[in-house]
Amino acid sequence: MRLATALAACAIAGLVLAPAPWLVSDFALSLTLSCLMYVGLAVSWAMFSGATNYLSLATAAFFGIGAYVTAWGHGTLPYAVAVPLGGLAAALFAAAIGAAVLHLRGAYFAVITFGLGELVRHAITYGEKTWARTVGRVISDPPATETVYLVVLALALAAVATAAAVRASRFGLALAGVGSDEERARTLGVNTRLVKTGGFALAAFFAGALGAAVAVRWTYIEPASVFNPFIGFQTVLIAMVGGAHTLAGPIASAVVFSVLTELLRLQFPYAYLIVLGALLILLVLYLPGGLASLLERWKWRQRHA
Amino acid sequence: MGFWLELIASGLITGGIYALVAIGLNLQYGLMRIMNISHGEFLMLGAYLTWLAHTFAGVNPLAFLPVVALALFGAGLLVYRLCFRRIARTSPAVELIEARSLLVGFGLMYLVQNAAYLVWGADLRGYSFLAEPVEIMGARFTGNRLAAFGFAVAASLFLIAVLRWTLVGKAVRAMMQSPAGAQLVGIDTAVLHPVVFGAGLALAGVAGGLLSMVYEITPAMGEPYTVTALIVITLGGLGSAAGCLAGGLLLGVVEALGMHFTSPSLKMLLSYAVFIAVLLARPKGLFAR
Amino acid sequence: MSIARFGGILSAVALAAACLPAAAQEAPVRIGYAIARTGPWAAGAQLTQEPNYIMWADQVNAAGGLNVKGRKRKVELVGFDDRSEAETVVRTYEKLMGSDKVDLILPPWGTGANFAVMPLIQKYGYPMIAPTATGRRLLGMKNPYFFAILQQPDRMMEALAEFLKARRVETAAVIHVDELFGLEQYTGLEAAFKEKGIRIIEKKTYPLGVKDLKPVLNDIKAKNPDAFIALSYPPDTFLVTAQAREIAFNPKAFYAAVGTAFPIYRDKLGPAVEGVMGLGTLNPKSSPAAKAYFDAHVAKHNKEPDRWASAHAWAALQVLEQAVAKVGLDRKALRDAIATGEFDTVIGKVRFKDGENVTTPGVVSQWQGREFEVVWPPDKATAPALFPKPAWR
Amino acid sequence: MPEPVLSARAVTVRFGGLVACDGVDLDVRAGELVGLIGPNGAGKTTFFHALSGVLAPDAGRLIVGGADLTGRPAHVFARHGVARTFQTPRVFRDMTALENVRFGMEFAGRSRVHAHDAFDDPQAILGFLGLGEAAAVPAGALTPARQRLLEIGMALAARPRVLLLDEVAAGLTHAELEASAALIRRVRDELGVAVVWIEHAVRVLMDQVERVAVLHQGRKIADGDPRAVARDPAVVEAYLGEEIEPQRLAA
């Protein structure tokens, strides 16, 4: 039932949002695209990290790997092929490192995933410089904004639909078991290693595909910008502020956060980050359950009215 | 022979700087599970305070460090009172303290960094102090780097000693193992928590003050230092003062040797590879308890 | 100081507002841009670029407005922080050109950000004259709306090679940062040195964010090259200078790239900078116009501009101003005017060919006392070169 | 004699220099109810960790239903029909009681030849345990005693051949204790599941089981009929100084 609702909501959102390039202003479109990018990143992050409590800081690495696939394929691979390929490359990377590091817990896991991201970034920088005598690639004829927008929309909706399907599935139950008590889940027959690696790779797929889809907008793809750790930090921030164990929380948070940051930036061009920081602190202190808890509270009131 | 001495010493000194950057965060995270991601921002504040005092009032930066420490200690008490106390009290599990303090840290990072932009502007700042080379056994080092290294080692040894041999240290270690248990045996966490948090910021501030003699400063300088600190403390083992020092020194020496034997371009690759290899072999860091 | 800068914006806006009743029929010319006020790009952007925009808008408005084909109209700057993020750069320019439809745009800071707006300026047809974008790859995109006013890497490196050749330098050691900038500079340097017969006896590269280069410098010192050249970014420029001094590595020529031209380089390192050469283009002694520019900048912002690209940011605004005076705000005509005209600016005569400023020659500068003197080419020199470099102080 | 469903051969587990289990043998046959006792620190829980695959033994073999699972991870043991509870109850606190039981059924319970298929429905298991009305309650909100019961339910949902119970009686009132003991007998009698039961309350355990094994300092020192074991001088010796007096042990 809940899965069906979620999928229907995705379909409706798709129908509503798809014609945007022909209806709204360039800026509104651009802002929507930003929101969708963070919806996709935050939802896919929460799908794994929210469920399992393995706080991954590898999002920037997945994003960058995806971006580099489009960069390398530019001119030979069509955009529509490069994007899923970027996702696949990130997923493969996640599966490979997941097998090695998914026994680490807590801060150790967070920091090592960050370290692995930096390792890839420096490896790519070094490899490019040594063998291709370049740092960064130019995308000489990027796809049209409409195309990028539609692809990002499709990816964001696919991430949400996948997250909903995972939550309703045995796989999702296993992930939740890992998050709650990993050893207990194992003694009840869950191959936790496989489940964790699979979940990590699935989340990575979306981050990679989004990197492949979005970075073409920047014309110049270089390690410093596509492996920007802030992309990863911001994703974690959004998902956790929304409520990482929920589905609706990260979505709402991605939209609120992107729009709010943008409005503040345009309104208070010099002090907006102070306002944003203060809001963030107040939110955590006085709404510790995240945005999702607002929704739950509202539902509870409805039921008990 | 002098060459090798210089190479290793140079690595150790850079490693000492890495450790220096990490000591304060190690205290906060290791002892209270407060993942203060705005650590680098407070380091930046320490750097700016020292720069201001030296550039506009001509104060000797070394002599000014106690003032920086005190100012940031005070700021730490305030920040703890305003943000982290509530988190520590309302979070039912230690994982939640960790997660929520991470988010508050992000908020503080935005806030403090932007305040610095408004007050001091984005320009690079810096001054020259103790920049003259000192010759030690045929190798040459600048005084400011030596000072930073010396402070890192001294502060680490001091912390190791305090944690191991004093009553306060025993209380802090008890708190580290079980915050609830600590309360049961009569340790007043209501006093100890803010003090440890304040001490963490004070150490960050002193580190910033020392680094302002060596490197340039900008409001954006904090984030890379936070990353360095995180790497160093996980490498050493969270909460271990000895691990923090050893982790920093190890990275510094690996980088120096790597730069000599391979290419400086591989330096980052090497240090991350060493970091990852250590964690794979010892999932709780070098000095895991 | 940013308070001053903030005040600048306020006064620009206030001036524009104050003039509204008088010029009710004539709306201000809206000029949009995104630039880094926060994040890692901010230090460069706030030194070299945005202060010039603010000062220019002030001066233009104080003089009664921008001459738009004979009619004076006030200028209103619409500037936003790009957070040092490519995506924010793109989004902001889509807003400025696509939604707000500002009259003109000014470029963001840095090569990466300029790359990011390349397709947009072509799509919306806004000419852009970039003072802080370097690299053949940018020009290789053959974007008709893009103009690079700063001397390109190969040109600067040729000047350096000529200078060193004239001083009979035979060997050089080079380090460069693993970034497009370092790589392009090095490519230019390698070609120029080959032509002049200067041997590169050691070449090392290093990543961004390095905190210690002593082991590399020690290795290079052992090889005793005549010249040492660091194609570096600001943090490493400072680092390499301090550490060369630390180990008493004192080649006949010591050159570092970005950051040597910053006043803070001299202020932080003090007398140690004496004789250090670097990427600089002009100084107040270069011409009366340059002197006037430097003085006005100090008066306005209470800080000196750098001696590399700041004046180019100013010159880009002068080019724009002169083109607008000639053809007005029709952007196609404006583009053609910029592409074909010759302009009198603070950096001298400027003419573009295929988007590149082809009139300003490559230059080598050197710190002597408190000034970054131009020492090459001879006809641009403001002082004779100190060669060999004096010992570190 | 039927084949043992679970067979431990010379299982040894070391922690650094400490030998927690030292060459322990144990055979458990279908439908058997075996008690496992020993003074504090005897290595009982460590032995359970080895039997359920939570810890890989340093030496020895573990055979489940004829398959050698030595060194395999815990989920393989679970899929071969070894289910267990923990000394302090470990339930999935944020999931409801029903979801907790469903969890066992979805994984271990699905992927092997069923030893018992008395329950197809998690609700029926909750009913069997007397937790029927708590189905929708988050497990973390149950009392510790009910969490213990729920843990048994999770284990039963895995359709085990052998159930390892680690101290079900701790902290229970006398009446609750009797009820738990009765429940464990029913599990064995009605479902035919072999049970190995660690209990600190030795007397209750002795009343219920047909066979008891005694661990002391990591070694098995006795294994057999409870009354015979209680009179074993080695066992009496081992328990000297413990809170349980030898006479009462034999009572």
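When the chains are written out, they are named A, B, C and D in that same order, and each has its own residue count from 1.
As a convention for this text, contacts are C-beta pairs under 8 Å (C-beta built on N, C-alpha and C of every residue); 3 or more make two chains touch, one makes a residue touch a chain.
Everything quoted here is computed from the prediction, not taken from an experiment.
Visitor: Any chance you could name the chains that touch chain B and chain D both?
Guide: Per touch definition, common to chain B and chain D: A.
Visitor: Averaging each chain's C-alpha atoms to get its centre, pick out the one most distant from chain B.
Guide: Centre of mass proxy via C-alpha means gives D as farthest from chain B.
Visitor: How many angstrom between the C-alpha centroids of chain C and chain A?
Guide: Computed value for the inter-centroid distance: 36 Å.
Visitor: Measure off the straight-line distance from the CA centroid of chain A to the CA centroid of chain B, and report it in whole Å.
Guide: Each chain reduced to its C-alpha mean, chain A and chain B end up 30 Å apart.
Visitor: As a quick test, compute the distance in whole Å between the mean CA positions of chain C and chain D.
Guide: 75
Visitor: Using the average of all C-alpha atoms in each chain as its centre, how far is it in Å between chain A and chain D?
Guide: Centres of chain A and chain D (C-alpha means) sit 43 Å apart.
Visitor: Residues of chain B touching 2+ other chains?
Guide: As it turns out, chain B has residues touching two or more other chains at 113-114, 117-118, 265, 268.
Visitor: Could you list which residues of chain C touch at least two other chains?
Guide: 2, 6, 37-38, 178, 205, 207
Visitor: What positions in chain D touch 2 or more of the other chains?
Guide: none
Visitor: If you go through all the chains, which pairs of them touch?
Guide: Pairs flagged as touching, ordered by label: A-B, A-C, A-D, B-C.
Visitor: Under the definition above, what is the set of chain C residues touching chain B in their complex?
Guide: By the definition above, chain C touches chain B via 1-3, 5-6, 36-40, 42-43, 45-47, 84, 175, 178, 204-207, 209-216, 218-219, 234-235, 238-239, 242, 245-248, 262, 264, 267-270, 272, 303.
Visitor: For chain B, which residues count as touching chain A in their complex?
Guide: On the chain B side, the touching residues are 29, 35, 37, 83, 86-87, 90-91, 95-96, 98-100, 102-104, 106-115, 117-118, 223, 227, 230-231, 234, 238, 265-266, 268-269, 272-273, 275-276, 279-280, 283-285.
Visitor: Can you tell me which positions in chain C touch chain A when the two form their complex?
Guide: Listed in rising order, the residues of chain C that touch chain A are 2, 6, 37-38, 79-81, 83, 85-91, 94-95, 97-100, 111-112, 115-116, 118-119, 137, 140-141, 178-180, 182-183, 205, 207-208.
Visitor: Which of the residues in chain A end up touching chain C in this complex?
Guide: 25-31, 34, 37, 122, 125-126, 129, 133-136, 138, 140, 142, 145, 214, 217-220, 222, 224-225, 228, 230, 262, 265-266, 269-270, 272-273
Visitor: Which residues of chain D touch chain A in the complex?
Guide: Residues 52-54, 73-75, 77-79, 83-84, 86, 90-95, 99, 102-104, 106-111, 154-155, 158.
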